[in-house]
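Input: structures, listed below.
Look for chain A in each of the two complexes below; its partner is chain B in the first and chain C in the second.
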Partner chain A sequence: MFLLIFLLIPIIAAVFLFIVKKETSSNAIAISAGLLTLLGAVYIAVNKIDNFDATWLLSINSRFVLQADGLAKILVLLTAISFPAIFIATQKNQIQNKNSFLGLMLLTQAGLMGVFLAGDALLFYFFWELALIPVYFLCSIWGGEKRIAITFKFFIYTFLGSLFMLIGIILVYSNTPDHSFLIESFKHASLTNGQQLAAFALFFTAFAIKMPIFPLHTWQPDAYEQSPTAVTMVLSAVMVKMGLYGVIRWLLPLFPAAAASHAHFVIVLSLIGVIYASFIAIRQDDVKRLIAYSSIAHIGLMSAALFTNTSIGMQGVLVQLFSHGINVLGLWIIADVLEQQTGTRSMKALGGLAKKQPTLAILLVGFAFANIALPLTNAFVGEFLMFNAIFQFNPWMAAIAGVSVVLAAIYTLNMVQKIAYGNISEATSAMSTPNKSAQAVLIVLLVIVFITGVYPQPLFNMTADTLHQLFVK
Partner chain B sequence: MKVIIGLIVLWPLAGFLFNGLGRNIWSKKTIAYKATGYIVCSFIFSILAFFNVQSSGAATVHFFDFINTDTIKIPFDLKVDALSSLFLLVITGVGSLIHLYSTAYMKDEEAPHYARYFAYLNLFVFSMLLLVLGDNYVIMFIGWEGVGLCSYLLIGYWFTNATYNYAAKKAFIMNRIGDLGFLLAIFWLIVKLGTVSYGTVLTAESLAKLSTTDITAITLLLFVGAMGKSAQIPLYTWLPDAMAGPTPVSALIHAATMVTAGIYMITRSNILFSASEFTGHVVAIVGISTALLSATIALKQNDIKKVLAYSTVSQLGYMFLGLGVGAYSGAVFHVITHAFFKALLFLGAGSVIHAMHHEQDIRKMGGLKSKLPITHITFLIGCIAIAGVPPFSGFFSKDEILSAAFAKSPVYWVLGVIGAAMTAFYMFRLYATTFLGQFRGTEEQAHHLHESPVAMTLPLILLAVASAIAGAIGIPELMGGHHWLSHQLIPIVGEAHETSLSHTTEWALMAASVSIAVIALFIAVQKYKRQADDEPHSALGKFLYNKWHVDELYGNAIIQPLNKFAGFLKETVEKNIIDGAVNGTGKLVQYSARKLRLIQNGQVGYYILFIVIGIIVLFLCWFNDIAILHFLSYLTKKS
Partner chain C sequence: MNAIIVSTLLGVIMMFVSWGTSNIKLQRRIGLVGMAVLIVANLAQLNGWWVVNFDTKGMLAFNQIGLFVNLILFIITFIYLWINGAELDKIGNHTADYYAIFFFILCGVSILTSFDNLLMLFIGIEILSIPLYILTGADKKNLFSNEASLKYFLMGSFSTGILLLGIAFIYGATGSFHLALPIMNPVTKMPVQHFLMSAGLLLLFVSMNFKVSAAPFHFWTPDVYDGAPTVFTPFMATVVKAAGFVAFIKVFEVQRIALGQTTWIIILPFVIVSTLLIGNITAVFQRSVKRMLAYSSIAQAGFMLFALYGISIFNNEALILYIVAYSLATIGVFAVLIKMKDYSFESFNGLAKQHPVLAFLTTLFLFSLAGIPLTAGFFAKYYMLNALLTAGAGIWLLIVAILFAAVSVYYYFKLVQAMYFVEGTPAIHPIDKSYELKLWVIAIILIVLGVFPSLLFNYLYF
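This part shows the complex of A and B:
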């Protein structure tokens, strides 16, 4: 029951925002709903929570099951941290129809958490789409100049993936012993090799587009660039995790044989993406596109580690799901403050931030080094374990993937140099007083970066049960 | 012991947090006292730890588990033993002096930047201590990248200067290339042994589990890490550029401590390195080549700090030569003596630069002997020590390496002595041009010439004393000494190998190398005591002056092609090919939709035709008793 109430918090707040027309307190409502959810998420993270199970679609035997295991906990926690952080950090941004904007954001949050908590395939699919639809409106109404075309492409691309997944779900469902959508039934579905392969391909396409895996990634930089930054933060910190989550929750346990026989293919593709995106990031001048490509590289590494099908790789990914979200959120908030205050995202035009707003520059350096996985930042823990897994799989691949460690240093330090150092540029000189609320959020996030980087054990403990399920039979 | 080790590490960390968080609050005086005081505290506890090791042996303390999962366990353990306790003393001892020196050297900085400087410097000491105290390779790696971070931050300390920023970035990236090698070595160890703790990895049992290929690969990869951090060919070009940082930083990080991390790493892993003949040769050859290459470059440089930087690269090369031929204690010995005399030389250079109002070109100096008496005499001591003149410290450590090299191969020895001669030459060229002859600077500079304050001269004096007498810790038995250091290091590197050399040979080698160095030294003084070097005329002179054009080579052969490749990926592959294919698919759908739309043309005949086709398809399905779903699975079964 707790999980249902928990899931309803953002939905109720969203409905409330849609009804109330007054915009004076819209920020306050969204922030309090976000913080309340965060409280719930922390409670879920540290306790053992009973599943919620209710009849839903009786005729086809689909149930409304919510469950919180380690995998769900860590992603729900990430989601619950991200949304209030975004609300607080961007509260000063000028947005028309703020109520609708925030309402849609809260609906997205509910959809995302539903995805992570769902224990029934149809329910999972329902939330998967529920998360996408508000984002479509957010991007196409409040986005940048090219928003219509870009959002259309983004929507069609990911929706196409979703449809494949739906077909896959129906395929597995029709072969379950008890004709049910529950995960357990899905695991016991009797699929022939050919069917398993087909289902694997259908699910994989959906997840590969969402992550995204090279070469299915081109919607992402455009979407990140054109979305309002608050939405970009959601997309990048949380929404891309849906793809990885799907692989861990559905793909690997359901189709182990097909996953194993295609591991090589997926890993090679992922690693090509890692190197490819890192190289492109070097040549970006737009801060948002740079972060976008950097994120593609990081996600590619996670996808490669997942498909090594090793316990150490899975452990790395479980931690990195969380860490990547925190780090990329920090970078986006900084990018947003810069864009709001200087009016530009071009790094050529920036410079001298360390003189103009030293605190923000320090925070930038902090997140930059988390982005390149410096030891004692959170990302090192995950990347260390993931690289280990790839090395176990094939040392040469680890060596090649390792090149991204150097490339990441190049593009990240380029960014720091161009934004923070040098003399104050014209654009930077236009910056007004520091955005205190954004800085406060950044400081909290940076504290998380270092705490989980120095002592990641709580994250390991939180996700131990997922690991056991997957690797100890 | 846990408390002592914990505090050694925590004092500098506290200093970092205090100065970093309070940069807008504290006065410069508070900052200076705290920053220096904390390092001195750390030094005091290091002395305690050292004597503890002397009396009751090595100690390992467990703090918490950094990573503890089903598959891998990496404890956060710190260990003091004979090797790390020596490094502790050098790091915190020299560190304290350099902090003290910095309080005066950086006094013109505004308070927030002053705090920032000391915060970085404290953080550096913290990271360096982790590096040498860690009880496994992952903790070492944490410190390893941590010192890289601090080096980056301090090289780019004056962040409005674009050149300095490039130098900082270059240092970090080149180090990262090395770090990748280190990381791969760690993964290799984990795959083969399941652990990275020294206590398990560095034992005969583990060695037996590793194949020759494993050992060679692991040691070579570790050495790649060392190449980056300790500036060896081909990853050395960042170190001369790193001189962009404030001079005390160059002394502490880029001479005395951080750059010797590679030597520490290999000495720590000596069991592995001794097991691979091949790696030993690679290390020795890279070491001696670096020593010679950078010595030739140092002959022609005119920037006081650049000469010292190339000299550092060269001396590090000697240390690797020592490691490569198995003279681990000799290499550590040279690390210690080098820490003293090179820190001294850098701080002396800082004192000169300070007096000359940020002039670093030695051609515009000259005759500083009388104006800067303390700087002069201490600098001279440093030069004698590095040139290897007995009984100063550099003589003993360099001689130990050279005689071990001779035992391995006389070629190493010959090359080493050539390098030593060049060292003596360029150091005394530097000394004579700077301190002897007539003053060649401006009137105004001459007017302002002054000796530095006590906070700066005191460290110079203490380091000069150390540079002069530190050889005492390793007087060879040949000279009736006891070689305290090599006895110290027996638990780490084992009994020193008895060289096959007779005493006569050893004396002869020593006499040869010393006399060659002394001759080179006198030639340099004679040549430069009156005038500075001109612009180089000869082709060779220009070639050396331009540092063998290695930076240009890297730029043209590596950086530019990669940059172009990245541009090609961005502009052509990404935009036209991949995204083009995606958009093309979209357009194709739209196109076919436009065409198919024409089927709905309002003519009833067409409609009836399609209805009939539809009915036939439905019937077919029905006849085969195939629902849509089963049809689908049917298809996939076939595949």
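This part shows the complex of A and C:
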């Protein structure tokens, strides 16, 4: 029951925001709903929560099941941290129709948390789509100049992917022993080799588009660039995790044989994406695009580690899911502050931030270190484990993946150098007083970065049960 | 039997109502009350409260599903008349006569859901079609309406001819008009393959495809739907088409055996894929929303054809849900469209700013047509795909289906984009609150069925 109420908090707040016309208190409502959810998420993370289970569609035997295991906990926690952080950091941004904007954001949050908590395939599909629809409106109404066409591309891509997944779900469902959508019965579905392969391909397409894996990534940089920054934060901090989550929750446990036989194929694709995105990131001048490509590279590495099918790789990914979200969120908030105050995203035009706003510059350096995965930062823990797993799988692939760390250092430090150092540029000199609320959020996030970097044990403990389920038979 | 008799009586009554009163509002009320009476009469037979029955010598057979489909189609017609009542009055000055025509069409519908004899199929289709030719040409002074009516009449008569020829061939092969199983060879237990039988069934197949506007027999559809007065188009695209599908299924549930399963699973997918292809791809390029909806109705017919692939309860369930979801959403979109001053996509620009509620409702209807979760359209597509897989279709057919579903998102969302993301002032007739309220009713049904689709089937298995 707790899980249902927890899921309803953002929905109720969103409905409330849609009904209320006054815009004076909209920020306060959204932030308090976000913080309330965060409180719930922390409670879920440290306690053992009973599943919520209710009948839903009797005739096809689909149930409304919410369950919180380690994987769900860590992603719900990430979601619950991200949204209030975004609300607080961007509360000063000028947005028309703020109520609708925040309401749609809260609906997105509900959809995302539903995806992570769902224990029934059809329910999972439902939330999967529900998370997408508000984002479609958010990006198309409040995005940049080319928003309509770009968002539509993004929408069609992911919608097509999810339709493939729907066929996969129907295929597995029709072969389950008790004709049920529960994940347990899905695991016991008796599929022939051909069917398993087909279902694997169908599910994988949906997840690969969402992550995204090369060559299905083409929607992403444009979508990140054209979306309003608050939505970009959601997309890259939380939404891409839906793809990785899907692989861990559904793909690997349901089709182990097909996953094992196609591991090479997927890992090679992922690594191509990693290297390719890193090189493109080096050439970027736009801060948003740079972070977008850097994010593709990091996600690619995670997907490669997942398909090594080793417990160490899985452990690394489970931690990295959380860490990557926090780091990229920090970078986006800094990019947003810069854009809001200087009016530009071009790194050529920026410079001298360290002299103008030293605090922000220090925070930028902190998150840049996390992005390169230097020791002491949270990303080091996850990436170390992931490289270890890839090395066990194939040393050559580990060598290629290792190049990405060097490339990450090049583009990240290049960005820091251009933005923070040098003389104060024209754009930077236009910056007004520091954005206190954004800086407060950034400091909290940076504290999380270093705490989980030095002492990641709580994250390991939280996800221990998922790991146990997947690798101890 | 109730529905056939009551609808005929009501049709005759409505013909004479305009003599009794010239008050158009009163005529409209009488029409709606008549519709309610028809629903109750059918409900009475469905629940066994009161049944008029006499021996039809095997011409008609009433079963639960047929009566249930009747009920659904009558309710949809009721909602359609309830919403569009005021618009109906604006076409010519024969309001009562239109209601008479609707009742005659519904008589045809009730025959098509209960025929047990190919002659009754023919009669049902004719009773259904001839009033439609009149409705299409109802706007006498409009050249497009005239053109559409003539086109519809000529093409329709031609296809009826094909139907009749098919029935004659089948009679020649079996010596019977009955919709029973084909003659079995007592030794091999296989159906007797008779050339006349196969030829007749193929002709029947062609003519039924024509009636449900499946490609490559769809050419009349866009012109007729576009040319007909906008208020009649949704009725033709929903209730009439749905009745056509029910008849289609009834014929080929049993008779396909004579055609041979292999032939069936070759020609049917061919028709389905070409219907989906032509309907969806052409809809993408339309400039007028009305024409886009005409092509989209072809595309949706492609999806409904999946129900013919197998013979199980799943197929019937899927078709019924699909009919409800598609019909209500189409009636909803048309109810908004009819209030626009012109039917281009541009005229919807900025509708969300000026009429947020109307834009929201339209979006919901379009979502249902596109099959987005939380609307009935999603479960309609889901049930259909599930039925298809259960019937043993290859995965390739499902993949083709969803590829075209994704294409359909493109043109439905073009309208959403126009309403929400493009600035502009929509050219729209004034809309009062009660009209919006009526649209809310449709929207709520669509959402409730989008969360609990099985509510619809409770009636089938009580």
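One rule holds in what follows: the second predicted complex is superposed on the first by the 473 of 473 C-alpha atoms of A that agree within 3 Å, B and C clash if a C-alpha of one lies under 4 Å from a C-alpha of the other, contacts with A are read in each partner's own complex, and residues count from 1 in each chain.
Simple rule for what comes next: contacts are C-beta pairs under 8 Å (C-beta built on N, C-alpha and C of every residue); 3 or more make two chains touch, one makes a residue touch a chain.
This is a predicted model, so every value here is computed, not measured.
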Notebook entry, point to check: Based on the superposition on chain A, does the combination of chain B and chain C result in a clash or a fit?
Noted result: clash
Checklist line | Which partner, chain B or chain C, touches more chain A residues | finding: B
Check: Looking at the overlay, does A:L58 come into contact with chain B only (first), chain C only (second), both, or neither?
Finding: second
Margin query: Tell me the contact category for A:Y125 with respect to chain B and chain C: first, second, both or neither.
Written below: second
Next item on the list: Please work out whether A:F279 is in contact with chain B alone, chain C alone, both, or neither, and reply first, second, both or neither.
Entry: first
Margin query: Quick check on the superposed pair: does A:I141 touch chain B, chain C, both, or neither? Answer first, second, both or neither.
Written below: second
Check: Once the shared chain is lined up, is A:L376 touching chain B (first), chain C (second), both, or neither of them?
Finding: first
Next item on the list: Mind working out whether A:P177 is in touch with chain B, chain C, both or neither, as first, second, both or neither?
Entry: neither
Item checked: Which of chain B and chain C A:A198 touches, first, second, both or neither -> both
Margin query: Just to be sure I read the superposition right, which of the two partners does A:I167 touch: chain B = first, chain C = second, or both, or neither?
Written below: both
Margin query: Residues of chain A that sit at the chain B interface in one complex and at the chain C interface in the other, please.
Written below: 156, 167, 170-171, 174, 198
Notebook entry, point to check: Touching chain C in the complex: which residues of chain A?
Noted result: 56-60, 125-126, 129-130, 133, 137, 140-141, 147-148, 152, 155-156, 159-160, 163-164, 166-167, 170-171, 173-174, 198
Notebook entry, point to check: Which residues, counting only chain B, touch chain A once they are in their complex?
Noted result: 64-72, 112, 138, 141-142, 145-146, 149, 152, 156, 159-160, 162, 165-166, 169, 172-173, 176-177, 179-180, 183-184, 187-188, 190-191, 562-563, 565-567, 569-570, 573-574, 578-579, 581-583, 586, 629-630, 632-633, 635-639
Check: Within the complex, which stretch of chain A touches chain B?
Finding: 153, 156-157, 167, 170-171, 174-175, 192, 194-195, 197-198, 215, 218-219, 276, 279-280, 282-284, 310-312, 315, 352, 354-355, 358, 369, 374-376, 381, 384-385, 387-388, 391-392, 395, 398-399, 402-403, 405-406, 409-410, 413-414, 417, 420-423, 454-457, 460, 464, 467, 471
Margin query: Using the touch definition from the top, list the residues of chain C that touch chain A in their complex.
Written below: 372-374, 382, 385-386, 389-390, 395, 398-399, 402-403, 405-406, 409-410, 413, 417, 420-422, 452-454, 457
